[in-house]
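In the two complexes below, chain A is the common chain; its partner is chain B in one and chain C in the other.
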Partner chain A sequence: MSFRFALVGNPNSGKTSLFNEITGNTQYVGNWPGVTVEKKEGRAKKIKDDVKIIDLPGIYSLSPYTLEEIIARDYLVDEKPDVVINIIDATNIERNLYLTTQLVELGLPVVIALNMMDEVEAAEDKIDIDALAKSLGIPIIPTIATKGRGVNELMQKSLQIAQTAAVGSTTGKSLDIFNKGIGKYISETESALAAHLQDIPFNPRWVALKLLEGDLKIIDRLNLPGKLLQEIGQRRDMLEEEYGSDAETIIADTRYDFISGIVKKTIERKRSQGALSTSDKIDKVVTNRLLAIPLFLAVMFVVFKITFGALGSFTIDWVDVLINETIAGTISGWLEAAGATEWLYALIIDGILAGLSSILVFVPQIMILFLFLAFLEDSGYMARAAFIMDRLFKRLGLSGKSFIPMLMGFGCSVPAIMATRTLENEKDRRLTIILTPFMSCGAKLPIYALFAGAFFANNQSLVVFSVYLLGIVIAILSGIILRKTVLKGEPAPFLMELPPYRIPTGKGLLIHMWDRGKAFIKKAGTVIFAAAVFIWFFQTFDFSLKMVEDPANSILGVIGRGIAPIFSPLGFGDWKSAVAIFTGLLAKEAVVTTMGILHGLGEVTESSTSLIGAMQTYFTPLKAYAFMAFTLLYMPCIAAFGVIKREMNSWKWTWFAVGFQTAVAWLVAFVIYQVGSLLGF
Partner chain B sequence: MTNTFDLSSALEDYLEVILELDEKKEEIRVTDIAKRLNIAKSTATITVNKLKKLGLVIQESYGPVELTRAGKEYAEEVRGRHLLLHKFLIELGVDYKTAEKDACLMEHILSPVTMKRIAEFVNQENGIEQEHTTKTHRYRDAGSGITIGTADDEMGLRSTGVKSLNELRVGEKGNIIRIAGKGAIHRRILDMGAATGSEVVVKGIAPLGDPIEVTLKGYNLSFRKEEAKQIFVEVCRK
Partner chain C sequence: MNKAKMPLGFLQSGCEGTVKEMHGGNNMCRRLAGLGITCGSRVRVISNNAGGPLILSVKESRLALGRGMALKIMVEEG
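Let's look at the complex of A and B:
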């Protein structure tokens, strides 16, 4: 038989960790709310039956607030999975059960995975699981998702429930949450609903509750007649009058009362409410009034110092030698032995190998950076960063939550732009999407590494750090300007959970790093490889397909010379830079690949690997900096462009975004070069 | 009435006076209130405007002042609830100060039913035919910046204070009474655990002064002071 099990729970309760354990997949987890922003499917292993597992974004209730939460709720109410596996963070049962009380109302079979039991044990709290299961009427399986503990039992139980449900015996009985008084209003609403609508696509009692609460999304979905709405509105008024508050509060409070009642009977906490946990103690330092911001900058600087310092250079040299001496030597040996023609030799050694090596040398460095980012995310520091930075973001009319997509932008714009789904409103999302590519992505790192290495050898990490900072500053300024012009609106609210600090697991970090890093290796093998061949070809031949002596006369040279004047005021009006900027649209690493191939071949003198020497004849440090600034800011690569289109869901906004970015890039590079020249750099 | 015109007790006095006048079925003018409190009319106007902003009274321009439903309940409760529990504890033989402190704690957690029984018990003991509001004990309207004490304030025993969450200092705690406003944010705060009666502790303030971090239902939540302003808590000072 085939079944679908959906993983549902609060953000950060361990859904993705559990998903990875069940399916053997490697989705990355993160210790901040909003890591999984779309649903992911996988197949359960170690089980005979065909079971599909769906990892949903975290939700706090069935009243969605953000786009990702809408995705989760819609999946539950529309697709009706066979079993809902409700993951509960055992260290925070009260809030987690709030969702459970609502899941039960949907009428779907529910199993609880009581996760993070290791933390409960460490805190020496006692949970009477049997009693808890009994009072909820839901089976509970204790788990430790990160260690895979309890996963088999959970799957067995879920299967058993799915099979029983398939046979037709009812499982979900509703909880006895509401007292007679409120219950009366709910049943009345339910009958009123039944009288007006023949078949409701969802559980009627749940719909009745939602209507009583005044859930606009449900009202829209059901397209209810005005008369019914009026009737329900009257009931709501009566309820509110009788209980002296608004319906949402009354219903929420009743749920919490029910939960408190159960929790009091089944859980014994050792630590008293007021006592400081380790996490609180760390927070005292990390979010300290005076220390927080210096600490944040210091953390970032250390990350850059290590990535671009001795360790980074070491890995670059190592890979460089590996490819350009060991591998290139071997291959050219083969080619000569096989009597390859001159052009084939040139294609493989000067085109493909030179192009690939210009990227591959940076892969270890990118991995190191990603490892650090993974650590910051998994430990829980990212959420604090959002908390610390919110005030600044408020100035931009954004919330600190926008900071998380932006920080992710340092990895890659594609997932970062998708992460904007955690934001509440459309304008904030648009603005964040436009600004996120200003955060320098990992693919741009080789560009800075190349230029900083060539022109600022003595203070490489400082210069690269400054480029990253420049991106942030420009994002802030752009945010202010856009908020005042095309994206006017109320400042976004900020409401975010700060998860406890956790020591990241080694496996988790590696998955996380690899998940992002592998994309670069894959790109090197596909897009960059193709680009290398393409560039080599077009700069070797002219329009009549004859091999040219001087690449400036090649097809690429001619095109490059055509667009180069646009960049003259910025200091790099040569055709090679123009071509590099153009190919950078395929993937930002291609800028370096292009430079590698074009400058490598341009110098007929000696070994083509001495890229740096070749570039020093074209650029001055000032021009190099202007070039870095331009590549930092201009239109993102084609993959990011696609995601922007998808998330903006509008061509107009998509073109506006990339147009704006490119215009800003030109302007900033212009100012840097012109002012720099005036100052005599 | 007292002459200690710190902002909070002034607001409280206003509410009580308006309630009193209201019960006499008079049309209440700002002048009446000013006269009753023996203060300047301009001062009274300012304070009434404050109450208006808090949604506790309504007044069309220069028209009569009326208590809103929330305002009335509030005023009644100020008068009744704490006093009742206090009386009850005294009757049990608890000393005055402890009774004051405990009444403050008890009023958050007792169910309406228990409150009602206590009311009946106290009234029976005293042979008083006095009615206390019992139905809406759980829900009260509260406004920003006001501290509502009890009738015992004259004795300098202010112990109960309604504050908005943004007024709490780091380390202070309170119990949620009401979340003002409507719409998505209101709903969200509820969904994230801010049930009526639950305890919140202010954990910290971000280095740039906003947002704040609170502990609620055993986890940490952060939001801005703007949102905190909408959350009213009752603080017990010991």
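Let's look at the complex of A and C:
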């Protein structure tokens, strides 16, 4: 038989680990298309039956007020999975059960995976699992997802429940959360509802509860008659009168009362609540008012120092020799032996190899940077960075929470823009989407590495660090301007969970690094490869498809000369730079690829050193810096553009975003070049 | 003895209290409820630096809470 199990739980409860453990992570994991991505689907391994696992976004409750909650709730009520696997962080049962009490009301069979049991054992806490399961009326399987423990038992139990449910036995007992007083209001609403609507597509008791709470999404969907709504409204007023608060608060408080009653009877914590943990002690230092920002800058500087210092240079030289001497030498030998024609030889050596090597030399450096980012994220420091930045961001009209998507932007803008879904407020989201591409992504790193290596050999890491900082500063200034003009309003209040510090595991770091880094290698083999062929072709032939002597007369040369004057005031008005900026819209790495092909023309087995030499005739250090600033800030690549369109859900905002970014890029580069020239650089 | 209520934002680092009133509107209350803060919740202030957000210990987790919100939550110290 085939079944669908949905994974639901709080953020950071170990859902992804469990998902990978169940599906084996070798299975195809696809993002669903459409507006509401972020649900992942996989197939359970080690099970005979056909079981699809749906990983829903991490949520704290089922109220429909953030995008993630809406995605999760809509999936559960509309698709009705056969089993809901509720993952609970065993070190924080009370808070996690708040979601559980809501899941149960949907009327779907629920199984609890009580995760992170190793940490409970380490803290010497005691949980009476049987008693807990009995009080909740839900089967509980203890698990340690990171080590794969309990996963088989969990799947067996879920399967058993799915099979029982499939033959029609009753499922979804409702919990006895509400006392007689509130329970009466819920039952009355339920009967009133039943009198008006014969066929409700959801669990009637849940709908009654939602209506009593005044859940607008449900009211909209059910299209209830005005008279019924009025009747329910009266009932809500009576409830609020009787308990002296608003319905939602009453219901939330009641849930927690119910939970704390159960927790008191079944859990014994050794450490008292609120006692200072190691994490708290680290936070005392890391979030200290005076130390926090210097410490953050120092951490980032060390990361860049290592990435762009001796270690980074070493990897570049190594890959350079590998490709441009060993591989290019071998291939040119073959081509000569096979008697290849001149144009084929030129295409392969000057086009494809020169283009690819200009990118591939930077892959190890990108990996080093991603390894550091993975370390900072997995350890829990990145969440603190958001906390630290809130003080600063608040004055700029953004919540510190916006800093998290922006930090992810150092990796790649595409997932970073998708991460803006965690922001509650529409204007905050739009603003953060516009600002995120200012955070320099991994694909732009080769550009800085190339230019900094060529023009700032003695201060490479400092110069690259300054470019990254420039991105942050420009984002902040743009934030202020946009908040005062097109996106007026207050940011949503800052509220987020700070995960405890953990020492990242080597395996986790490598997976995290590889997960991000592989995209660049894949791109080198696809988009960049195609771009290299494309660029080589159009700079070799003119409009009448004849091979040209001087590439300036080629198709690209003519186009480049056409748009180059736009960049003259910025210091790089030559056609090769114009073409590089243009091809950079495909993928930012293509900027370097284009430079590699256009400047390295006709010299077989040349190394990057001669590319640097060729560039030094076009650029000065000042022009190079202006060029880096422009490529840092201008319109992001086509993939990011697509995500901006999807997340903005509006062409107007999409064009505004990329238009704004490009205008800012031009202005900043203009100021750098003109002021720099005046100062005599 | 009837203890005085005060905004959570006034509670010093290391102090504990019980939430008595929440004045932030429905949306804020909903989000706080999801993270474990409702009327009657015990909170402990881990860090409270002037001008910035607070770090709280609520149930078994640590929350970062903006100062604006912290001023709208009334607690009873102790």
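The rule is short, and it goes like this: the second predicted complex is superposed on the first by the 660 of 681 C-alpha atoms of A that agree within 3 Å, B and C clash if a C-alpha of one lies under 4 Å from a C-alpha of the other, contacts with A are read in each partner's own complex, and residues count from 1 in each chain.
Note that a contact is a pair of C-beta atoms (placed from the backbone, for glycine too) under 8 Å apart; a residue touches a chain by one contact, two chains touch by 3 or more.
Note that this is a predicted model, so its numbers are computed, not measured.
**Student:** Label the relationship between chain B and chain C on chain A in the superposed model as either fit or clash.
**Tutor:** clash
**Student:** Given the touch rule stated above, what does A:246 touch, chain B (first), chain C (second), both, or neither?
**Tutor:** Once the two structures are laid over each other on A, A:246 reaches both partners.
**Student:** Return first, second, both or neither, reflecting whether A:121 touches chain B, chain C, both chains, or no partner chain.
**Tutor:** After superposition on chain A, A:121 lies in contact with neither partner.
**Student:** Going by the contact rule set out at the top, does A:188 touch chain B (first), chain C (second), both, or neither?
**Tutor:** neither
**Student:** Which partner chains sit in contact with A:320 here, chain B, chain C, both or neither? Use first/second/both/neither.
**Tutor:** In the superposed model, A:320 contacts neither chain B nor chain C.
**Student:** So in the superposed three-chain picture, is A:283 touching just chain B, just chain C, both, or none of them (first/second/both/neither)?
**Tutor:** both
**Student:** After the superposition on A, what does A:95 contact: first (chain B), second (chain C), both or neither?
**Tutor:** A:95: touches chain B and chain C.
**Student:** In the overlay, answer first, second, both or neither for which of chain B and chain C A:400 touches.
**Tutor:** both
**Student:** Find the residues of chain A that appear in the contact set with chain B and again in the contact set with chain C.
**Tutor:** On chain A, the residues that contact chain B in one structure and chain C in the other are 60-61, 63, 65, 91-92, 94-95, 98, 245-246, 248-249, 252-253, 256-257, 273-274, 280, 283-284, 287-289, 387, 390-391, 394, 400, 424, 493-500.
**Student:** Which part of chain A faces chain B closely enough to touch in the complex?
**Tutor:** 60-61, 63, 65, 91-92, 94-95, 98, 242-246, 248-249, 252-253, 255-257, 273-274, 280, 283-284, 287-290, 292-293, 387-388, 390-392, 394, 400, 424, 493-500
**Student:** Which bits of chain C are touching chain A when the two form their complex?
**Tutor:** 16, 22, 24, 26-36, 38-42, 44, 46-47, 49-53, 55, 57-66, 68-69
**Student:** Provide the residue numbers of chain B that touch chain A in the complex, in ascending order.
**Tutor:** Within the complex, chain B contacts chain A at residues 73, 135-136, 138-139, 178-179, 182, 184-193, 195-199, 201, 203-211, 213, 217-224, 226-227.
**Student:** Mind listing the chain A positions that touch chain C in their complex?
**Tutor:** Per the stated touch rule, the residues are 59-61, 63, 65, 91-95, 98-99, 245-246, 248-249, 252-253, 256-257, 269, 273-274, 276, 279-280, 283-284, 287-289, 383, 386-387, 390-391, 394, 399-400, 424, 493-500.
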